[in-house]
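Common to both upcoming complexes is subunit A, partnered first by subunit B, then by subunit C.
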Partner chain A sequence: MYAVLAMIAGIALGVILEPTVPVALQPYLPIAVVAALDAVFGGIRARLDGIFDDKQFVISFVSNVLVAALIVYLGDQLGVGGQLSTGVVVVLGVRIFGNVAAIRRHLFKA
Partner chain B sequence: MSDGGSGPTRPTRPSGSTESSESSGSTGPTRSTRRPETGLLGDPMSAPEQSVDFLTELFRHPLDAGYSDAAAARERIGEPTVRLRRSGFVLRTLTLVATGLLLVVAYQQTVAAEPEAAKTRASLVQDVTARQAETDAQQRQAEALRNEAAKLRDAIVGPNASALDQAEARTGLGAVTGAGAVVTLASGPAPTNPVTGQEQANDQGHIVDFDLQVISNELWRDGAEAISINGQRLIATSTIRAAGSAILVDLAPLSEPYVIQAVGPPTMTGALTKSAVGNFYDYLATTYGVHFSVRSTSDLTLPAAADPGLRYATPLTAPSAPTTRSPATTESPRSTPPEGGP
Partner chain C sequence: MIDPHDNANDRDDQPPTDGASPDAARPPGPSASPAEPENTGTDESARGTAGAGARPDAADGEPTADADADPEPTADADAGPDVGPDVVDGELAGEPRDDEVGAATGGPRWRRIAAAIFTPKLTAANMVIALLLGVLGFALIVQVRSNANESTLANDRPDDLVRILSDLDARKDRLTTEISSLQNTVQQLNSGAQSQQAALDAAAKRADELGILGGTLPARGPGLVIDLIPASGQQIPANTVLDTIEELRGAGAEAMQISGTGSAAVRVVAATYFTDTTGGVDIDGATIGGTLSITVIGDPQTIQAALSIPGGVDDTVRNDGGTVSLQTPGTVEVTALHEPQALQYAHSVP
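Presenting the complex of A and B:
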């Protein structure tokens, strides 16, 4: 599984390099993580459905992260950053749950 | 990875339900041809599903529509070229590496944020204690210097020195020793909510500035000649105030337990315990668990109060002030180096 290997490589890279995130970007990190997880689970589900597509995966990943960060940024500027963050997390969380449920149905037929 | 099962045997969207009559292999192309019909509504969903509200929709079909569209396009156009697939593989791998990186960075940030806050707090606490020690040292130095000045002055004044000392003791400018009373006061335990176990807001047994005011005033009334609270000597202009939850005596914050030392006649202890104030605090002690104790002692030493300074009076010999304004100014130049040093 190249995918798992690639992810492990990324984790190893992070552990070795220990990159520092600029303070200005730190509020967006948790949201970006949730958005990335959504893209990853969507990709896994598509793979199990047999309709995985590289372009779709990459674009959904990038756009998820960017849009989530943009929404939070916009919310921060408007003074409703916390609420919008919650909204983003709820929507993405629902999607992650749905995708994980589909993956579960695929793997365990239950 | 992208090929193999591209003929979706499992419809991922409800469009499959309306098209279930068709063979599963042709689902993709059919869907893409259906698209223009529903395109105005933004989502290529089958008609019965369009009435379903957004959240239900979200719960049911969390997958990006793009995946099935891409699969459909593949069906129509055919498999991508090797070059395209290779670049797709590279992109996918890069994305996954980025995901792993993102995860670990977020983890490290979260872990690092916690000690950071603790570190800041610890350094602040260290700052506070260092400054407190500094203040204490300077206060001790000021006291020593004042004693020295008093001795020198006594030598000059001669026979009237004792009267001056008496006056100083009375006004709090000089340290005093003698017999007296020691009152210890401490807050009772905060009442806890029997259900939640949390401390309740209306804390009747909490000692506030008013308590110290009342007891000091009672001690003055009972004949005290000098009073200090936690080592802070009270003088005529002293204040006992509350700042938030802290009690300040002349701007110096006190912490529990509050020890009020008073030099005065031997009758003072009895007078205090028999007074209304004493009875009141006995009542508080039995009702709210406030710690209140009075004992007499034969050997008390109360420090001098901080020099209040002269507010309106100015030395007579103004022109030659730098040299002759001895008692006030010789002290301050000597005490400034340690102030400015650290």
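Presenting the complex of A and C:
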């Protein structure tokens, strides 16, 4: 419940403050957000499976974000940032789809 | 990290099952190779067996434990050697089995979701998770808004930017050409308007001149007034008047009018005729008698010289017993107008 409330609070904060993304972070923020979403869906699925572990979730959340940003950073340094971030988004999107499918099976048995 | 509360609660509901320990031993093995299709495959098969009966659920718990591994494959590998995840996994792996045995419907799962969402406990782990999710929500909305705000050019690749730039350059060239051609047109129109104005002025001037020559416009200018005074009891004959007019025309007179004693002035034009009649001279239908006063616009000295040449107007009038008197007031006005005749046959050549 606190997590949901905190997310709502974060969204409200973002809407109210209307901050601008620093230029240095602009390429990484979208990828990091997608990676974090992947971790969140994975956590929800683990919760439904009954094997949710706080530590595992926190570590996977942080490492997902960091690894995604690192991959994009590397891609930028190598000159293939656009393609690599596309690849990361595709991979994360596939994982999110898989997790959502598992959640769906758990909740609706279909 | 201090999750045992949750797990302990769950564990209270269910009797300790013997299948738990072998299941728990499984996950770390397959989790090292997280292949998505494989997992979904086992999920499907697990779902298929779930409907079969209560006992095969022992197999059901196993694939779910497998599937658990793939949301966070990397983290799972880390978690392996950590604080006895075997125990946690084992407990939870047994859980779905319990639910399926108790009720085949989805009710308990929903109840568990609700229980998870509305946990009243605020542990350190929950706070960390809440913090992470708050940051996620914040970052999500920030990214969405910045993406909606910022111009699309900032995200474009250099190739696209080069193409856009060249497009803009080509467009600028076209517009520059258009500007110069339009400026040419403006200049042409301006000069056209000027020449048109000049033509209008010339036409107006010409119309004025023609109006003066044709007698339809009043005129003013240097000139003089000539009085032909007949001998008492006589009239100036039409021949003398015609000679005088011809002499004046020859001397460069540009506009003339002639009036008699007590009669209105008549404009002298090319078609003016003079005939003798009782009481004077019939000029264009008007009888002019007595002292004839001719107002003429032209060079006064030339006209004076023309009138006084031997055998000229002066001599003719004197021979008839009359006199000629010249007045030079400087500027004279010819105000009488000639009614123009409507042309019936003649048309201008375009």
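Criterion: the second predicted complex is superposed on the first by the 110 of 110 C-alpha atoms of A that agree within 3 Å, B and C clash if a C-alpha of one lies under 4 Å from a C-alpha of the other, contacts with A are read in each partner's own complex, and residues count from 1 in each chain.
Note that in this section a residue touches a chain if its C-beta (ideal position, glycine included) is under 8 Å from a C-beta of that chain, and two chains touch if they have at least 3 such contacts.
Everything numeric in this text was worked out from a predicted model, so none of it was measured.
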Practice item. Check whether A:L107 is in contact with subunit B, with subunit C, with both or with neither, and answer first, second, both or neither. Key: second
Practice item. Classify the contacts of A:Q56 with the two partner chains as first (subunit B alone), second (subunit C alone), both, or neither. Key: both
Check your understanding: A:V91 contacts which: subunit B (first), subunit C (second), both, neither?
Key -> first
Review point. Taking the superposition as given, does A:L78 touch the first partner, subunit B, the second, subunit C, both, or neither?
Key: neither
Practice item. Using the touch definition from the top, say if A:V15 reaches subunit B (first), subunit C (second), both or neither. Key: both
Exercise for review: Considering only touches as defined above, state whether A:L66 meets subunit B (first), subunit C (second), both or neither.
Suggested key: neither
Check your understanding: Where on subunit A do subunit B and subunit C both make contact?
Key -> 2-3, 6-11, 13-15, 18-19, 21, 26, 29-30, 32-33, 36-37, 39-40, 42, 45-47, 49-62, 94-95, 98-99, 102
Practice item. Can you check the complex and tell me which residues of subunit A touch subunit B? Key: 2-3, 6-15, 18-19, 21, 26, 29-30, 32-33, 36-37, 39-40, 42, 45-47, 49-62, 65, 91, 94-99, 102
Practice item. Please name which positions on subunit C make contact with subunit A in the complex. Key: 1-3, 6, 10, 36, 39-40, 43, 47, 64-65, 67-68, 70-72, 74-76, 78-79, 82-83, 85, 88-89, 92-93, 95-96, 106, 109-110, 112-113, 116-120, 122-123, 125-143, 145-147, 149, 154, 157
Revision key, fill the gap. In their shared complex, subunit A is touched by residues of subunit B numbered 1-2, 4-10, 12, 55, 58-64, 66-68, 70-71, 74, 85, 88-89, 91-106, 108-109
Revision key, fill the gap. Subunit C partner, complex, touching residues on subunit A are 1-11, 13-15, 18-21, 26, 29-30, 32-33, 36-37, 39-43, 45-64, 67, 82, 94-95, 98-99, 101-102, 105-109
